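Next, two complexes with chain A in common: one pairs it with chain B, the other with chain C.
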Partner chain A sequence: MEKLSFRLAAPRSAGGTRAQAIVGVVASGNLEVLLERSLPPDICTIDIATAAHGFGMVWDAVVRDFAARRSAGGLRISINDGGARPDTVALRLAQGVRKIEEPER
Partner chain B sequence: MSDWGMQKAALGERLAAGRQHAKGKVVPTPSLGAFLKAVIRSGDRVCLEGDNQKQADILASALASLEPGDVRDLHMVQSGVVLSAHLDIFEKGIARRLDFSYSGPQSARIARMLFGGKIELGAVHTYLELFARYFIDLTPNVALIAAVSADKDGNLYTGPNTEDTPTVVEATSYKNGVVVAQVTEIVDKVPRVDIPGDLVHFVVEANRPFYVEPLFTRDPAAITETQILTAMLAIKGIYAPYGVRRLNHGIGFNTAAIELLLPTYGEKLGLKGKVCTHFALNPHPTMIPAIESGWVEQIHCFGSEVGMEDYVAARSDVFFTGPDGSLRSNRAFCQTAGLYACDMFIGSTLQIDLEGHSSTVTTSRIAGFGGAPNMGSDPRGRRHPSEPWLKAGAEAAPGTNAALRRGRKLVVQIGETFGERNTPLFVERLDALELARKLDLDLAPVMVYSDDVTHIVTEEGIANLLMCRSKDEREQAIRGVAGYTDIGRARDAKLVEQLRQRGVIQRPEDLGIDPLDADRNLLAARSIKDLMLASGGLYRPPSRFRNW
Partner chain C sequence: MSQVAANTVSLSWYEASARQRIDALVDAGSFSEFIGPELREISPHLSIFDLPEQFDDGIVVGRGRLDGTPVLIAAQEGRFMGGAFGEVHGAKLTGLLRAAHALKEDVLILFDTGGVRLQEANAGELAIAEIMRAVIEARRAGINVVGLIGGRAGCYGGGSLIAGTCSRLIISEQGRLSVSGPEVIETNRGIEEFDSRDRALVWRTMGGKHRYLIGAADVFVDDEALAFRRAAIDALKMHGRCDVAVLEAEQARLARRLQRFGEAEDAVEIWQTLGIGSPTDLPALPTGAFLRAANDRETADDAR
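This part shows the complex of A and B:
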């Protein structure tokens, strides 16, 4: 298991009021993403535990694009990765933001 | 002065030798070995019928059971090297030289045997090329073929899997060769005559059907959200603007996703009747929802697909069927149709380099070509115009005289930037080059050449290579859709942005597509069971695809 941590400047803060959201499942080629609204609105942290070793450069590129393009400010994100491909990671992160922005019932 | 008629005389001798082991045209199974020894001569060119689908498996085993002391140094000329018996023949020394087209499941062993010098390789062909050479310089002396049934006169019924048989028989029988067919059963009257009996010299009753691989069945349950996104991009960014009505699809999951999005996403875009009306395509189970919702006017098939027989028979408005009701497939005609009568080929691949060459070869495997290079190439002999063909031609050479300008076939490579086990789709150097070096081949086995590819689709977007005006632009257009691969991360971001401004690269958002909409609920069927239900129970999936 490889562990990676990123602390990123986030130009846009996450909308909505939900305190947390979870998307995905830990399975081979998939990942689970937990998002918690617990940071200052211009910061996003991402902690990754991954089964695939040696992809640090790719993770770096994926999470930086995510923080720059999506409204990730204020989110503390934890990822449990089963060796998902970068496109799946980017999709789950985007789905996570959409979920935490959903109106509360 | 030549002594004319020598081939006919030699054929007469072989037939007489064969008849020693037959009753009329029928060879009893226990005599099969002795019979083959009698009609095959050392050094013969032999076509053992088999492709990526049907196999003359009984005849293959019988040939592999001969002794090299009796028959040796055969030159095998056949579409597929697929069964282990096909290579046992070389292992034993019965055959020495090989010209073929496709080797799917034997790709690793065939590479080992080539390295080990057990096989002398002529060339790896496309199906059409090998068929063409059957009539010029690779005409078989003996063809060992497969059919469903025969009558005592040798008339053959091939059922839905006619495939290569008419081509092989035409080349062999009309040039003084011997044709031997394995059939499931011998009947009084065949349901339809696919091969006339006067071209068939002997039949063997196998008492079981020839083997057929369900190669074109894709389980919708395995289609990912990323594949759905690539399918949405292709439909909205290529099918719609070019108005692609006549086409061929590859066998990957991306194109299966496209097939399953037509009745949902395609319908929403108002494309019904405007795209995907005519196909050169096997009866893909994933086509069922599109056919049932009235998208498809006509499909001609290379072969059949296991479990689709009853469905096809019940949809003769769409498929080509015989007076017996079942599908008539024909690989040579369908390959020709895919080459000349289709405006687009779209398929997946394993590796794409910076020029846009693509290959399904890895260093330790020779999978062959099958039909993809013919489907995925621009036919220089085409002369009839169509809207997509003219539009693509105009994009490639905008400043030229339209009346003298060739159109272009759309050749689209579609895939995710990372494949299985996180293997990148985009590479600096194709593994095919390393393989060619190791085997000392004149040509690297390239599936689709760079100058034939018009578009590359990944989850990151569409690169339109027709609109690239220099080698550098082309490279950056490819890098610009290569995602987080090494190739993609090494892009010139400024140039890629310029290409995007010009529409050479289109991102999902440029096409009004939200990647978050790429949901499995968009698929018209989400499982094999859904496909079966959509067919009204006519599709009978093979047991390996049934999980209920």
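This part shows the complex of A and C:
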């Protein structure tokens, strides 16, 4: 496993009130994303454990784009990756912030 | 009493994830998870093999309501390591079954598994034994333990042994139930014995329709979460015994079944013996027509 950690400035804080959300599954070409609302509203951290080594630069680009464009402030995000492509990662992250915004039942 | 919100989500059971299945199965919004992913109760073995972990170790356990009645639920995620049992994965199910015994609440197990995880085989095999013991102890105390089978990974290996101890099994056409999977049989006995790439052969040997016809599963449903929900509600109304007399009757039933079908070379011969009009058409029949054709199926498990 290669472990990567990012601490990013997030211009928009996450919506909704849910404490956590989880999307995806750890399988070949897929990943799971766990989002927990536990940080100051202008910070987003992303911790990644990935089976595919040597793609730190690609991860850096994907997570920076995510933090800049989505409402990710206040989220501690943890990823278990089974070798997903960057577009799959971006979609899962977007799906995750949508999920944590959903109203609580 | 709280109001029951019927769940009206239309969802393919086969395509859905473990969490989607639970949400569609129970009364809307009633599920609360035990040992959720945020606790990161992951496998202690996978990192030794440098393999990726999943925060819930491939099984979701918790409590919800089914038609207003509290039930305990476990759902395996068949896409993570084929839904296979490891140490933590198994312990979560064992704990749930022991809780069922203590709380006197029924259990639903949403199987989606290839069996024991090879990377933690000893722990996984022990887990299977512990789970079977916990199922029997719960059933002896009058608890219903209902298995639902219709996932991508099927219900194989140790998972099929656990299914064999359940008080009721609900299966869809897509569901497969067998101790050895197609690849295992081919590897051990050769391609002439079993061609694992022959999908029609796999389904007519292990698939839901065949398992229902020979009395290995009790209820046959469409690949639809609502159909599983309705069947689960009905299954929890049953109150089967689990004692020596019942097990002896089941042993006798299995002996009769072996005598009746033991010489058959293929499932189609079994369907013919059952008196089904045009047995080769059976795999293509839609649910309604299939259930009518299956009227003279083998009686289901006496132990259920």
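Remarks
Methods note: the second predicted complex is superposed on the first by the 105 of 105 C-alpha atoms of A that agree within 3 Å, B and C clash if a C-alpha of one lies under 4 Å from a C-alpha of the other, contacts with A are read in each partner's own complex, and residues count from 1 in each chain.
Heads up, the rule we're going with is that a contact is a pair of C-beta atoms (placed from the backbone, for glycine too) under 8 Å apart; a residue touches a chain by one contact, two chains touch by 3 or more.
On a predicted model such as this, the values are computed, not experimentally measured, just so you know.
Of the two partner chains, neither chain B nor chain C is touched by A:E101.
Once chain A of one complex is fitted onto chain A of the other, the partner contacts of A:D47 are absent, as it touches neither chain B nor chain C. Contact with chain C, but none with chain B, is seen for A:N80 once the two complexes are overlaid on the shared chain. When the two structures are aligned on the shared chain, A:L34 is found in touch with chain C, with no touch to chain B. With both structures placed on the common chain, the touch criterion links A:V25 to chain C but leaves chain B unconnected. Look at A:M1: by the touch rule set out above, it reaches chain C but stays clear of chain B. Counting contacts as defined above, no chain A residue meets chain B in one complex and chain C in the other. Residues of chain A touching chain B in their complex: 52, 55, 57-58, 61-62, 83, 85-88, 91, 94-95, 98.
Contact residues on chain C toward chain A in their complex (touch as defined above): 17, 19, 28-29, 36-38, 40, 47, 50-56, 77, 79-80. Those residues of chain B that touch chain A in the complex are listed here as 224-226, 229, 416-418, 422, 459, 483-484, 489, 515-516, 518. Against chain C, the residues of chain A that register as touching in their complex are 1, 20, 22, 25-27, 30, 32, 34, 36, 49-51, 78, 80-82, 105.
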